[in-house]
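Here the structure comes first, spelled out in structure tokens, and everything after it is commentary.
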Amino acid sequence: MTILIDKKTRILVQGITGREGYFHTQAMLDYGSSVVAGTTPGKGGQEIEGLPVFDSVIEAKEQFPKLNASIIFVPARFAADAATEAVDAGIKVVTVITEHIPIHDEMRFIELARRQGSYVVGPNTPGIISPGQCKLGIMPAHVFTPGRIGLISRSGTLTYEVAASLTDAGFGQSTAIGLGGDPIVGMSFVDALKLFEEDKETDATVLIGEIGGSAEEEAAIFIKENISKPVIAYIAGRTAPKGKRMGHAGAIVSGKTGTADGKIKALRKAGAIVIDRPIDVDEALQKIL
Amino acid sequence: MRLFEYEAKEAFHQVGLPLPPSGLATTAEEAAKIAKELGGPVVIKAQVLAGGRGKAGGIKFADTPNEAKSVAEELLQMTIHEHAVHRVLVEQRLEIQQEIYLGITIDRSQRRPVAICSAMGGVDIEQVAEAHPEKITRFWVDPIFGLRDFEARNIAKNAGFEGKAMIQVADMLLRLWQVFIRNDAELTEINPLIVTTKGEYIAADARLNIDDNSLFRHKTLAERVSSGISEQTELEQRAQKAGMTYVELEGNIGIIGNGAGLVMATMDAVKYYGGAPANFLDVGGGATAERMSQALDIVLSHPDVEAVFINILGGITRCDEIAQGIVDAQPKLPRKVPIVIRMIGTREKEGAAILEAANIPFLDSMDTAAKRVVNLVSEVDSA
Amino acid sequence: MTILIDKKTRILVQGITGREGYFHTQAMLDYGSSVVAGTTPGKGGQEIEGLPVFDSVIEAKEQFPKLNASIIFVPARFAADAATEAVDAGIKVVTVITEHIPIHDEMRFIELARRQGSYVVGPNTPGIISPGQCKLGIMPAHVFTPGRIGLISRSGTLTYEVAASLTDAGFGQSTAIGLGGDPIVGMSFVDALKLFEEDKETDATVLIGEIGGSAEEEAAIFIKENISKPVIAYIAGRTAPKGKRMGHAGAIVSGKTGTADGKIKALRKAGAIVIDRPIDVDEALQKIL
Amino acid sequence: MRLFEYEAKEAFHQVGLPLPPSGLATTAEEAAKIAKELGGPVVIKAQVLAGGRGKAGGIKFADTPNEAKSVAEELLQMTIHEHAVHRVLVEQRLEIQQEIYLGITIDRSQRRPVAICSAMGGVDIEQVAEAHPEKITRFWVDPIFGLRDFEARNIAKNAGFEGKAMIQVADMLLRLWQVFIRNDAELTEINPLIVTTKGEYIAADARLNIDDNSLFRHKTLAERVSSGISEQTELEQRAQKAGMTYVELEGNIGIIGNGAGLVMATMDAVKYYGGAPANFLDVGGGATAERMSQALDIVLSHPDVEAVFINILGGITRCDEIAQGIVDAQPKLPRKVPIVIRMIGTREKEGAAILEAANIPFLDSMDTAAKRVVNLVSEVDSA
């Protein structure tokens, strides 16, 4: 089993006629994901890679009632509307690749999704992959391999780094989720940990955090109280200075909040194994599994 | 993006928040003239995009226009936390009965705006939060409904205000909410909100940080950014214009990578082996040879850099583009320093061929590369 | 039995320190209604007729957890906030006496109430009375008497006129509801008819409509399909001209919509007995009961 | 409150809705000057607060400034549905490729705003709704969320627009939504929204009706109301200022009552017995003797009134106040006509005593009173 997406996932690409949307539609199809349709307002009726393009999500959903996931490549100023449209149409997993969406817009569509019971993954995420079953994202697929380790990360390339280490060491992944690099994101470590805990085919979870916010501290509290499976954690940004955004809009130490040290301490206290280098994930897993 | 106090106050004025009578001056003479027009004692405040202005001596008082002139002269020659003072705000001095804190910011974990109110204003709110957590009232606002009148009153009540004071504080908080919404704020604060001895409620200081991602909706402010008034250093601005993120640090090993998390991990790896990163530079996804070449130039413009560690894990980013950028940059580099390259992922064979043809060595392990670059710098230092 | 309010209703008066709020608090207490508290922002801590005044509904609710109804006498520009506050605090029956509330404000708090499962009665209503049990309104109580007829009306004085006729003829009322004279009101004829149909101690319902809108036509459709108890209807405004507001903001014939004739026809078709004069209600009831 | 076309267009302009180049004229000379400035053919439109302006000849065309002058002269002497034309709007004439209807109003039964779009614009939308209901797309907007971009596109799509036309129509609808929200509109319409032969989308006509109850939020418009520019007759305005509602009708029996529903029922009762109401007058809740006295004066100012029926069911309204008002009014009444009074309810005994002392008879049944007043008028008429 996997979480969020699997072989049955039917994908809608929002912004399919754009450069990025088109490129990654091909890549997802190449991976074997069931991309069934796309949208670009004003371009309904076209075809992209043999897939129908619709003006709206609701039209796509009428034609393909099994649509249950969407991936958004729409430019930042229109992305919130696209996410709202997907949630409103009842899409259950809405993955927002787009970076630079205004934070006020994000708060509103994430709140809406919460009320309607949809998962928002991102914004500013590489997406989700359940290796061998479905790729709903822009990650390079070759570093992932099917298996029993769950991977949750706030960072894109660092996810690939860790996934590559895991794959090299023979630890495949059940599902890998990029939570997104923005200060406000839909799905949190806690949400993902809960799903991996319930997933019978995940044995342990690797959590890749970074400076900024308190998502890792909240994860620690949740791990302590609710998670029985082993958690291995890596936190990036130990050497980052205060008050500076480190690339990701969300990666910033504000006052005493969001330091790597604070997160590492909290996770250790909660019983997670915190590793110092991505490469150490192999050894850590060997010990516990 | 942080606004100057006088800019934040302009936003406050638009929603009807009462402010002290004031004028903005760029010279001591102007300051004196404003002080004369205002009459009576004034407070003169350096306008800089940095916190801790008060402690750094950026706020001064003057009783007469003459005094205002000399004080303004002094302030206009100051540099506060590396920011030169180009403007001072001259304001009527208020007779203070009480100082209140009002603020609205975004709570990342709740994914909601949080309104904060405290009867202990005029000091750093984070210090109040630590010393007297019970003196701070927080309320998480539903981002769809917005802050409602009765909620604002409840916040003021819970912060200890009664009767007309409760109504007044709630009214100011609702206006501050308008500032927050209209300006796509990440943070807006009135600290202190002053109750004068006459019982007036006045926003004595104003803070407003705007979400950079929303600037397309705020054209006037977007122009300010493009005109270069910002908190960033010159190199940081240059990187931003080129579509990259660069942060200056205090070490001597230049860091370049693709992806914010990977670059942070690269810095951490360098530190793990005893080295000190000189910067953070994320070339971003899908970087071209051109951009890679610019990245090297920016990193080497920092005089402390003694070696560079380039860490690429190709996804959208193609190793051949990166390799080509490194090769292209060589003849133009401001100076020669050792460069350690780690490069794997998309088109790694093609990239490898380009580097090999140019006789530039590279590795495939981030860890090994980190160790190597630290060793190289130690050799340089001990040489 | 009655609908919406009864002996167990615990009332909060919003705007209790105002002239109207104060006057009708006395009148409701005189009638025997259980008014337990009031609110006026900024006047918390005072007492009115021995009742505590609070700054907020939430404080009142904390002190009196059984509070389940509110009546609003707040001036028009603050009334929407008061109604929102009551709904937000979980008050089940929110009666808005205030007239001249902006219609955009009304739409928003009525929508909110719908989502939260509260009934909004009004705005611009005389309120509700379950004779002998509870008066949550400003109607002159002496024209009402306990009994088994339900009364639903868009008009205040006309309700009293009909109630007086009923009382004189020996027909008491289970509950009488003023829906309110604004174009947009919370509770509709349909909502009230549904409650009376379910109420075991209501034998028949008298519906007092007027020109404007299509609430009576919608009631007719509902009566035909869902109501088994007799319905007697009176429609005011047969002689009203087109395009003029007849006192109530909602009483206006727009084009072909909202005419008395249209409403009368629809109700007759649905099996309701439509009377020509308020006085005829007696005879109509004699025939059917 | 209905706005003039040129006022509605000012509101449209504020949200960026494209409009034809135009100017407002109060004289024929001004109109000619505007036509000259605009160049080319113009359309000249009478500015009146009444519908059916086109059919009544209030819209005319002119090819030259001279022609504009004579056409404007003609229009400025017109009266359309009893409204004198004081201003004309002179607009550049558009070359029309297509006419579209866009409107937002409030659906009473759904308690929501409803957005309406039709590719058959330029004619009365209610006629389209009857003849071609399938040509009209309606969408009910959630009043908490507001109209969202994708919803606007869906509306345009469902109305038959494709590709760029869909995007354009949706964009205009979103701007119209802003007009609706910012102005507390009961109704706002673009009819026609014109697609020119060059493919531009332009709001050729504009309608905007504002909720009177929201005027406290719209000060400029509130001033217009208080300055007396309105659709009401003089007597209707006088009543409104006195806090009453008065509507002029065509019969000869004056009607006064308390409560809108009761007054309507009173009119209906008069009609039931063969009479014809001359007006609707609701004195409102809690009317004083003073207000009652004014009411009588207003009703009798209508020359057709031959008898008056006063129907009071006292609740908040006190019968003694009403009775006193009737007595006080007697000496000041513009003329003597028979008055039939029905009065019951709060303080009815005290009221009765006052009337009896003044020798004024009254009844307690509305029905009997209606019959009596109708008979009195028949006697007068047959006398």
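Note that the chains take the letters A, B, C and D in the order they are written out, and that residue 1 is the start of every chain.
Assume a residue touches a chain if its C-beta (ideal position, glycine included) is under 8 Å from a C-beta of that chain, and two chains touch if they have at least 3 such contacts.
Treat the numbers as computed from the prediction; the structure is a model and nothing was measured.
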Chain whose mean Cα position lies farthest from chain A: D
Between chain A and chain C, what's the gap in Å when you average each chain's C-alpha atoms? 51
For chain A versus chain B, what separation do you get between their C-alpha means, in angstrom? 27
Roughly how far is chain B from chain D, centre to centre by C-alpha average, rounded to an integer in Å? 54
Multi-partner residues in chain D (2 or more other chains touched) are 144
Where chain A touches two or more other chains, by residue: none
Quick one: label the inter-chain contact graph as line, ring, star, complete or other. other
Touching chain D in the complex, chain C uses residues 76-77, 100-104, 106-108, 110-112, 126, 138-140, 143, 153-161, 164, 181, 183-186, 188, 208, 210-215, 218, 234, 236-241, 244-251, 255-256, 276-279
Where on chain C does chain B make contact in their complex? 41-45, 55-59, 78, 81-82, 84-85, 88
Please give the residue numbers of chain B that touch chain D in the complex, ascending. 144-145
For the complex, give me every residue of chain D touching chain C. 106, 108-109, 111-113, 126, 142-144, 181, 184, 186, 211, 213-214, 216-217, 245, 247, 249, 257-265, 267-272, 277, 280, 282, 285, 313-316, 344-346, 365-367
Any idea which chain D residues touch chain A in the complex? 148-150, 153-154, 157, 162-164, 166-167, 170
